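One chain, chain A, links the two complexes that follow: it is found with chain B in the first and with chain C in the second.
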Partner chain A sequence: MRGFVAILRRELFAYFVTPLAWVMMAAFLLLEGFFFFLLVLNYASQQEVVSDAGPVEAFFGQTILLYLPLLLVCPLLTMRSFAEERRSGTIEALLTAPVSSTAVVLGKYLASVLTYAALWAPTGLYMVVLSRYGDVDWRIVGTGYSAILLVGAGYLAIGTLSSALTTSQLTAAVVTSVTVLLLFAFGIGEFALDPGPARELCSYASVWSMMNDFSRGLVDSRRLVWCATVILLPLFVSVRTVESWRWG
Partner chain B sequence: MIEVRALHKWYGDFHAVDDLSFEVARGEVVGFLGPNGAGKSTTLRIVAGFLGASSGDVLIDGLSVVDDPIEARARIGYMPESCPLYVEMRVVEYLRFRAELKGVPRATRKAAVERAMGDAGLDGYEATIIGQLSKGYRQRVGIADALVASPPLLLLDEPTAGLDPNQIREVRDLVKRLSASHTILVSTHILSEVEATCTRGVVIARGKLVASGSLDELRALRRADTVRLRLRGDTRAARAELEGLDGVERVEPEPHAIEGQERLRLVLTDADRCDEIVERAVKRLAELEVGVLEVVPLGSLEDVFSKLTEGDTPTASTEATPRARGREVRTRQRTKRAP
Partner chain C sequence: MGLKSTRRGGTDLGTKLSATVGVAAALVLAVLVNLLAARRYERWDLTSSGRFTLSPATLETLGKLGEPVRVIVILSKNDPLGLSVHQLLEAYRAESTQLSVDTIDPDRDRAELFAAQQKYGLLTGERDGRVVTDVVIVVVRGDRRHFISASELVEVEPGEEARAKPRLEHAITGALRAVSGGEVPRVCFTSGHGEHSIDEGGEMGLAALRSRLEKNNYEVTSVFGDEEASASLDGCSLLVVAAPSQAVPKPRVEAMRRFVAEGGSALVVAGPIPDEADRDFAKLGLDELISLAGVALERDFIFELDPAARSTGGQGETFYAQVEMHPATESIAGRTNVVLTAASGLRDLGTATKPEVLLRTSERAFGMVDFFAWAQAPGPPRASDRDHPGPLTVAVAAELPKPASSKREHGPRVVVVSALNPLFGGNWASADHRGTAAFVEGSITWLAAHRRFLDIPDKPSSSVGLRLSEEAISSVFRFSVVALPTIVTIFGALVYQARRRRPGRKGTGPGEGGAGGKTERSGEAERGGDEEPAP
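This part shows the complex of A and B:
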């Protein structure tokens, strides 16, 4: 893993020295803040109190609001990573340094995950604010953020692979969005299909149900296996792709 | 230091590198010559470990770039052709990143970057954003990058391409200075560059080895077998006189625009006697009271180069094995085109 730390640092530098990360963070927080406002308003106006539903639970699942920013943010964060280097030729300098392909892929990937986490970090303040006016179950907050990190990490892995497959950032972003949408739609099959093996398969892969579970504090190991698959498979293919350039 | 053995590279149907073998010994500065599209960059990319070969082997210090890629690459300071850099970084940030990437320990990193910047002539540009540098300075950053981890071997792919004459001279001086402490393989399509900086040359064309040898041996290849004269006066008589001269095979007129003058090409029977034949010719022309305005031996290294690398296929190979050997000049003779 020689060179991993250097690549990670340089990628984080690239995110935060260009306006990209900051612009995204501003837009993202604006959107999330608005969603949170809507949720709190909604629950505040409700007469009846349901035990496992509240603004915190709804923030981490059960509504479509969670997935919109994910769909926007993940492709944008990863589209650059390989596509830009290959277009500008800097990949040649990178790959002729004494570093392994695994270090290159993981360095870039982890930088995107950390940036993604940095986008979400300020939303922790929402929970702090909420806790001053009501009860917040911090275990739910914990599982909620873990789930967001896991799902995002999967999408970012898909994005990293897309970026490695093309020299155009735009193509990479589009391929990522389409793949993520298809994955999401596949999970929705859980509600659309008749009972049977196909439906069962869909329910295992359902992001919707996963977020619902985690936002209620339910951590199911089958979900974790699914997340690990969505993270590791694209990363593995990315490493092979980077290796394959040497033979192109 | 570098051993290239029977290297082949195919891009689809295109045979970019065709059975190329050569060696670079420790301490040598070798010019890697060839016209554009000859396969120089492809070869250097393979040596640097960026591209895989279709077949054949490259050893760096005895380490295969395929089996031992990381150790082999650690011995190389490579500057790619277009010198790609991260334009959003400052010079010093970029070089520190490269030093870290190449495994320069934290304790010596700062000093290594400073030394590389000094060697490449970048003092005072530490805080400049790379995107704002001119082409010449970007090239220097590329060279500093190649130097930063103090590798024993430098691979420079066309380090003077696109530079102005002053910058070209600076790069040449730099290569000369570096040659004291490094083994260098520098590619170029300009022969005079090799003359200026290298101890040996390897010439390729269309992916094949065409000639290799020490600079003196390459120079020996450039003996003039044709001389161009610009004359004024009774050029008809001059032509007749020259045609009768011993050692002149034939005389050919060249197109020339100035009235009362003529340009002739003297094709010599024996390039070794060039000086002597020219001396006699000029003496005779003076006796005829023909003004000799210009005498140009057309055997410059450039001509040898174009002759070696011109499109016609080799008619005979002087040696069966294409393996480059030490100081021996091997030239695949090509059909001499009628000048």
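This part shows the complex of A and C:
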């Protein structure tokens, strides 16, 4: 893992000195802020209580609005990781340096995860706002953000692999978007299919159901294993891909 | 990546093969681990209130399920309430193999919903473009079934702040106990004295009330009929005297009195009925039964003269009764009106039994004694000295001392309503008469005294809504949509400007390509590369 910390620092530094991260963060917060405002408006105008769940649960689950930014942000964060370096040829310099392939992949990946976490960090203030007008179960807030982090980490791992498989940033972004969208749509199959193994499979991989569970404070070991798979498998293949670039 | 032909001095084929096999092995391993995880899994309830953690009482109930029990959930998986139900039932299923859960999405599974409608007599309607049903969960074991409505799953706390207490576990465990041998309260309706039948539909029939009671897990039956039986009230938990229009034979009244004296409860609905000659009020013979509540039925006909409390049609015989606070009326007091038609007053007999008033008229109402003389030339009703001045009592409740032989938790309870219409089916069909229906349901609940499951602890309530002023909503908008993105934009611009002004930009060496590297990278990234050490 030689060079891991240096690569991580360098990647993080690069993210935040470019306007891309800030533009992305501003757009992301605008979108999330609008979504949060709609949520508040909905709960404030609700005439009768029809549920045992409040706005915190609704923020983390049961809405498509949460996923839209995810489907856009993750490809944008990872598209440059390897594709741009391969296109420009700077990857050669990196590969000849005394740095392991694992360190390269993990350094770049973790930087994207931390940037992703930084995008979400200001939304914690929404919870503070909600706590002023009602009580907030901070443990549910914790499980909700954990789910967001896990889902994002999986999508970023797929993005990292896509970037490693191509030399074009655009292609990497498109491949990531399509893969993530397919994965999301696969989970939605649990609502479309008749009961049976196929529906069970869709339900198992459903990000929608996972967010619904976590948004209610429920942590399921099946969800954790699935997330670990979506994170680790693409990263492993990414390491192997980077390794193959060193082959003679 | 991939296999390349091995060149002299290059990576050997074995390395490439092993890398490929490694990726394949990782894929297989991932599949196996997920298969294992799907079979053996754990769920942790991390809510601070333990909302999805089952109580020991529920675990005991599940442990004692000797036969298969089917739970049919008629809620969309996307419904906020449906989500909680499914998550809790997941915990139930993990504890018992006897429990099977089927879900009918009312918006999607139309065929299944229709089948359930036919089988269980569900009522459906539409709200906000979505299909809703009167029952959201049906628990079935063999021939026994128990219905749960949406309102039983959440207890809304009164007050300004929208707070609710989840009662899912109470409802579901209660239903499991009910179908596993719990006692089903039997409500017995009198018949054979001109009462409307419990099988009769329409505006005046009692079928709607019967359906409603069955959905609330009562067994409904009629007693007496045309038989001469005088003591067939065995097994009844609650007796309903359903507005007879003919005299009730004395032995039957005696049987009813004995039923109450031995601990049974009764709802007596009796209003002014003309006799066959249409010259006087018919003698129903219920005085002895009604007197158990400490009141007597006046021989008069109420007219409500207060414009705010009477129907715009008619002469004031249809009116809105004022609801007094009592456990039987707690669900409607202060919230809705009870519409009564053709009523008589109730007089306090001043006996040891102290009746509590449930419904009364306004002060401007009066009970016309010489009704039939007026009816011959009807005009605007005016009170005379002989008439009974308002406010008049039209419904009372009383609880009698508990007999020594009674196994019930409370003494006999009696509710008397002196109007003809409260049990009519039209009250359950019309939104305008919803208060009357709710009054009847509240009275029956109090009379039957459905026991609450005290061994399942209450979960704490939580905020389920927001009570925000216009100003507060505006400030949320300013903060979340305007301020936060603006702050981030300004901060980003400052960082960008600071980096541009920074002197000493230069290219970096190899190894920094991850973020900076060579000159092909964007200028900003290069500048980033200036500051950081190469790996």
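Going forward, the second predicted complex is superposed on the first by the 244 of 248 C-alpha atoms of A that agree within 3 Å, B and C clash if a C-alpha of one lies under 4 Å from a C-alpha of the other, contacts with A are read in each partner's own complex, and residues count from 1 in each chain.
Here, a contact is a pair of C-beta atoms (placed from the backbone, for glycine too) under 8 Å apart; a residue touches a chain by one contact, two chains touch by 3 or more.
Just so you know, these numbers come straight off a predicted model, no measurement behind them.
When the shared chain is aligned, chain B and chain C each come close enough to touch A:247. Once chain A of one complex is fitted onto chain A of the other, the partner contacts of A:10 extend to both chain B and chain C. In the superposition on chain A, A:23 makes contact with chain C only, while chain B stays out of contact range.
Judged by the touch definition given at the top, the superposed model places A:100 against chain B, while chain C stays out of reach. In the superposition on chain A, the chain among chain B and chain C reaching more residues of chain A is C.
Within the superposed three-chain model, A:236 lies in touch with chain C and out of touch with chain B [touch as defined at top].
By the touch criterion defined above, A:226 reaches chain C but does not reach chain B.
Looking at the shared chain after the overlay, A:134 reaches chain C, while chain B stays out of its contact range.
Residue contacts after overlaying the shared chain place A:43 against chain C, while chain B stays out of touching range.
Looking at chain A, you'll find residues 2-3, 6-7, 9-10, 13-14, 17-18, 88-94, 96-99, 246-248 touch chain B in one structure and chain C in the other. Every residue of chain A that touches chain C in the complex is listed here, in rising order: 2-3, 6-7, 9-11, 13-19, 21-23, 25-27, 29-30, 32-34, 36-37, 40-41, 43-44, 46, 49-55, 57-58, 61-62, 84-85, 88-94, 96-99, 103-104, 107-108, 122, 125-126, 129-130, 133-140, 142-143, 190-191, 200, 204, 212-213, 216-222, 225-226, 229, 232-233, 236-237, 240-241, 243-244, 246-248.
The residues of chain B lying in touch with chain A in their complex are 45, 48-52, 70-71, 73-74, 76, 78, 80, 82, 84-89, 93, 97-98, 100-103, 145.
Against chain B, the residues of chain A that register as touching in their complex are 2-3, 5-7, 9-10, 13-14, 17-18, 88-100, 246-248. The residues of chain C lying in touch with chain A in their complex are 1-2, 4, 7, 9-11, 15-16, 19, 22-23, 26-27, 30, 33-34, 37-38, 41-49, 51-52, 77-78, 80-81, 83-84, 87, 105, 108, 150, 153-154, 156, 161-162, 164-166, 168, 462-468, 472-473, 476-477, 479-482, 484-486, 488-489, 491-493, 495-496, 499, 509-518, 520-522, 524-525, 527-529, 531-535.
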